[in-house]
Amino acid sequence: MQLTGIYPPLATPFVNQELALDLLAENVRNLAPTGLTGFVALGSNGELPALTEAEKLLVVDTVVANAPTDAQVFVGVSYESTKQALAFISQAAERGAHAALVLPPSYYKSALTPAVLRDYYVALADEADLPILIYNMPANTGINLGPDVAVPLAQHPCIIGLKDSSGNIVQITEIIRQTQDEDFAVMAGSASFLFTSLCVGASGGVAALANLAPRECVQLFEHFERGEMDSARELQYRLMAPNAAVTTRFGVAGLKAAMTLCGYHGGEPRHPLAPLPPDQHETVRSILAEARLLPDETKPPALAGSAAAKR
Amino acid sequence: MQLTGIYPPLATPFVNQELALDLLAENVRNLAPTGLTGFVALGSNGELPALTEAEKLLVVDTVVANAPTDAQVFVGVSYESTKQALAFISQAAERGAHAALVLPPSYYKSALTPAVLRDYYVALADEADLPILIYNMPANTGINLGPDVAVPLAQHPCIIGLKDSSGNIVQITEIIRQTQDEDFAVMAGSASFLFTSLCVGASGGVAALANLAPRECVQLFEHFERGEMDSARELQYRLMAPNAAVTTRFGVAGLKAAMTLCGYHGGEPRHPLAPLPPDQHETVRSILAEARLLPDETKPPALAGSAAAKR
Amino acid sequence: MQLTGIYPPLATPFVNQELALDLLAENVRNLAPTGLTGFVALGSNGELPALTEAEKLLVVDTVVANAPTDAQVFVGVSYESTKQALAFISQAAERGAHAALVLPPSYYKSALTPAVLRDYYVALADEADLPILIYNMPANTGINLGPDVAVPLAQHPCIIGLKDSSGNIVQITEIIRQTQDEDFAVMAGSASFLFTSLCVGASGGVAALANLAPRECVQLFEHFERGEMDSARELQYRLMAPNAAVTTRFGVAGLKAAMTLCGYHGGEPRHPLAPLPPDQHETVRSILAEARLLPDETKPPALAGSAAAKR
Amino acid sequence: MQLTGIYPPLATPFVNQELALDLLAENVRNLAPTGLTGFVALGSNGELPALTEAEKLLVVDTVVANAPTDAQVFVGVSYESTKQALAFISQAAERGAHAALVLPPSYYKSALTPAVLRDYYVALADEADLPILIYNMPANTGINLGPDVAVPLAQHPCIIGLKDSSGNIVQITEIIRQTQDEDFAVMAGSASFLFTSLCVGASGGVAALANLAPRECVQLFEHFERGEMDSARELQYRLMAPNAAVTTRFGVAGLKAAMTLCGYHGGEPRHPLAPLPPDQHETVRSILAEARLLPDETKPPALAGSAAAKR
């Protein structure tokens, strides 16, 4: 499996707080023709921790069924015990996922030394039915997976890469440098440092922004691939404010609001996360407008005749 | 329900990484005659996040079935969505638990403002089938529930108290001061600040140390109740090092090792948490010995003829 | 030297941003008859880091000259090098100070290991002309001086105590427990945990609040000394909100505003610290009023005929 | 003044803990012909906070006197009050410095809001006799100067740039993007993110590593300027481990040891900072050797006949 290009960590639509699989399916189908390499189901932006075990499997089924056959499907995995993680990965594999994107356990922070964290990933890689991608998300987990954890793991044949959402470019540079000789892909975990990560050798990005601006994220990647540094930098600038709006600034609620504004199915996050208040909704809209990411309103809506229209 | 005195957050024994309900039952029965007011099933020390949904219910059943009829049984609750929490509390209520000890959601840290956290607890209190205790555990969750969250919640008739494991005595004092007129109990979340919490008006403590030294924890409480300040302080001093050994210093692995040394069923934590290495095991033993918490070895073992002996 | 009771960390008055030594002198003389054991010149609340070397010496001179002969005068010391600290302590000793209250160096955080910090204090204690008090103020310095630093230092004959402003009652309890056999006094560094610190064996407190409510702070100490626990606790409750207003909530600007409201010379902090905005000034006033700390307005003002009146 | 290229934040040599100005002078003269644009005196790596006021002025004099006439000389400024900072900048201007590199006040962390920090820089820029560069160094100060502080300040005609040592590439990108239309230069504050900072539009770097590897730092900058991205990236990789050794990993002691190994005057830091222990010294040597930064030992030593040789 070649890891390269852009993957959206798919948002999970709810209607009246209940899983709306038809809307998720439609999002996947609408995103498919934009040049994305694949999809991440059940990432942080997919509200993974707010879903029941049964719901998670339904999400996997839906993404696998609706993604193009040549698209990679990664599945987010977040548990506090090895036992739970292995059980879930096994089910995801049966359902057709291609790789597991695994958050570290994070509750018993003082006990989760680098050695314990490495052992966790090795235990999964040894036993699991899917290739493993390490998922570093310190802002949410309070645990950073630095070179001391990631570099030794890169040697394991079943650990194929790392999504780093820390934004720590020194760490990203260092991990890439030390794993140059391994078959190990480092992916930027957010669009705000996609360009700089590519500059130091990253393979691509898993970016929330690709849920609403997939073509622009792909275009940034392609500019870089073609050596068009000025164009890539300009596009990076243009995506800074929208990316902040759908991640650090307004979170999942901001992402879902922006998706709706861009013609995808966003809606509200699951409680207790609150929907975006009206003033912040306006802020998101003007940020998207200024970055020229709102759909052209003179064109017919992208979703005409879709499941959304029927609701 | 009167909240007062000492409650152990029960460790969850495993044998070969699998739930050992008979050992849990025996721990409860052995702890019962020591003066404890009740038990917490599924707390942080019970490795709550490492258990499956089915396992959690088995633990609740076991504790309810083996606790004395006059003992209170609290059940730990930790989810990222209101929906999941309500579903579990409902099941715990059916199984005979008396109150839910509820950790806050903690993954989407930047979205979990005080208002969102208050809304979460109010939503549970409005709907749940059990009285709610707030559980503040910032070292593990990265979220602190301060006076701005706890004090307004104290007015809700179904929110009956707070376990504060922050150790922030200014915060504990402030919350007690501001909830003096409410029917709201503040419990120290660790034995290391049990005495000082009682001094400022706490109702008791939920202390990991009570898994292995229940009589001493109860004795500290009783000294305080009788106004024996010097004896209470001396006992607090004596419990400092053992308490650190089973909490901040060696974590759940240290707690379980200490329980075994004291004649209870401890064993190993569930992976990826690692068992205590031999040198640390020796350290725990000497700390317990110095604090006179090891059982008298000239007496017959407490567990003779028990389930443990049969293994 | 017997360390016991209450010491205010004196605010440093400015008029038009310039040192106002006459106002400082008057504050010391007005505070003197309230039962305080001594005074701290040049603490955090004295805006130590905003003063030039020459100004610091003028402050020491003024406090020494105006304090009662039986009052202890401690002098705050904050430098990044041993050389600078020794030079200043020597000058403070010549000017009649009784002890040095020494903050740790804090700029090169990653290099300031416990061993380096211990070496710093030992170097000062070996060479300095004054007894040394350790000053732990992690909220401002980003460095915590825990038992691993403080306990070994307590054995040095010239290191006589610790002011702990961390508010970490577990740490305070542990340090007191481990230094019981030393001639080493632990002082609460804020009035918000004065009562609880006394309960676990502290010798007294260095409290910003004693700049404006010296009698109440002394009274809390005396209640405790006489075993009047309920009265001590009630007074602790009463002082919580005023203490927060002059420390964590509104900082030095809040302290100075509150001092003015209570009849002492407060004024404005030195730039860039900003004076309290009017709405926060009102909040401070009502907090003091509710805690019954404002002077009785029917009585003649405490400062009639004073230097302040002449301005 | 055109800010571009590489500036070393000069280490300050001591002999027997006393300032060694002749060694500093020689370092400047030896660094001069390597392509550096200028020098920073009194930065964090120059042990600014460990120097007395008189020593600081001697350092400025020495650097100004020994730098080439076309080299820019920036002077580090770190005070807690506006008054102190202005007094020092005035003296530095008289001595011939070209700009002031100003750390924020950082002691009263909770009072130092973005507005207060902006006011501080504006007050200096309005009054000072030198152009101002903002110096963001959160690892040491505990204060981050983000876009909310830096972007508005960029409009002030006397605030000419920012050295950002946070390593937060998203923040660096965002500040550059928002100040594109201003005459405002953003400089990478460490060699570990020099390449990525240049990629998003930074003007150059102030890098500790340039004290010992000036040619390599300049070369990285020149590769980038010529569009030689692969060579720039390779050189960035090569400098990662040496840069960590002289900054985050071994601090000022590591920097000074590495300087000595590379033929410059390093020596020991001022107490309480400890010199590098022998095993870490060996680690530094092998890191430098592996990165091919040690001088060719077959050549005559760079410093033959120098002040060092005479000691």
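Going in written order, the chains are labelled A, B, C and D, and every chain counts its residues from 1.
Assume contacts are C-beta pairs under 8 Å (C-beta built on N, C-alpha and C of every residue); 3 or more make two chains touch, one makes a residue touch a chain.
Predicted model only: the values in this text are computed from it and were never measured.
Listed by label, the chains that touch chain B and also chain C number zero. Taking the mean of the C-alpha atoms as each chain's centre, chain A and chain D sit 37 Å apart.
The distance from the centre of chain A to the centre of chain C, each centre being the mean of the chain's C-alpha atoms, comes to 51 Å. For chain B, no residue reaches two or more other chains under the stated contact definition.
If you draw each protein chain as a dot and join the dots that touch, you get one closed loop, with every dot joined to exactly two others.
Against chain C, in their complex, chain B makes its touches with residues 167-170, 173-174, 177, 180, 190, 192-193, 195-196, 199-201, 227, 229, 233, 236-237, 240, 244. On chain C, the positions that touch chain D within their shared complex are 17, 44, 47, 49-53, 79-84, 87, 105, 107-112, 115-117, 119-120, 123, 139-142, 248, 251-253, 270-274.
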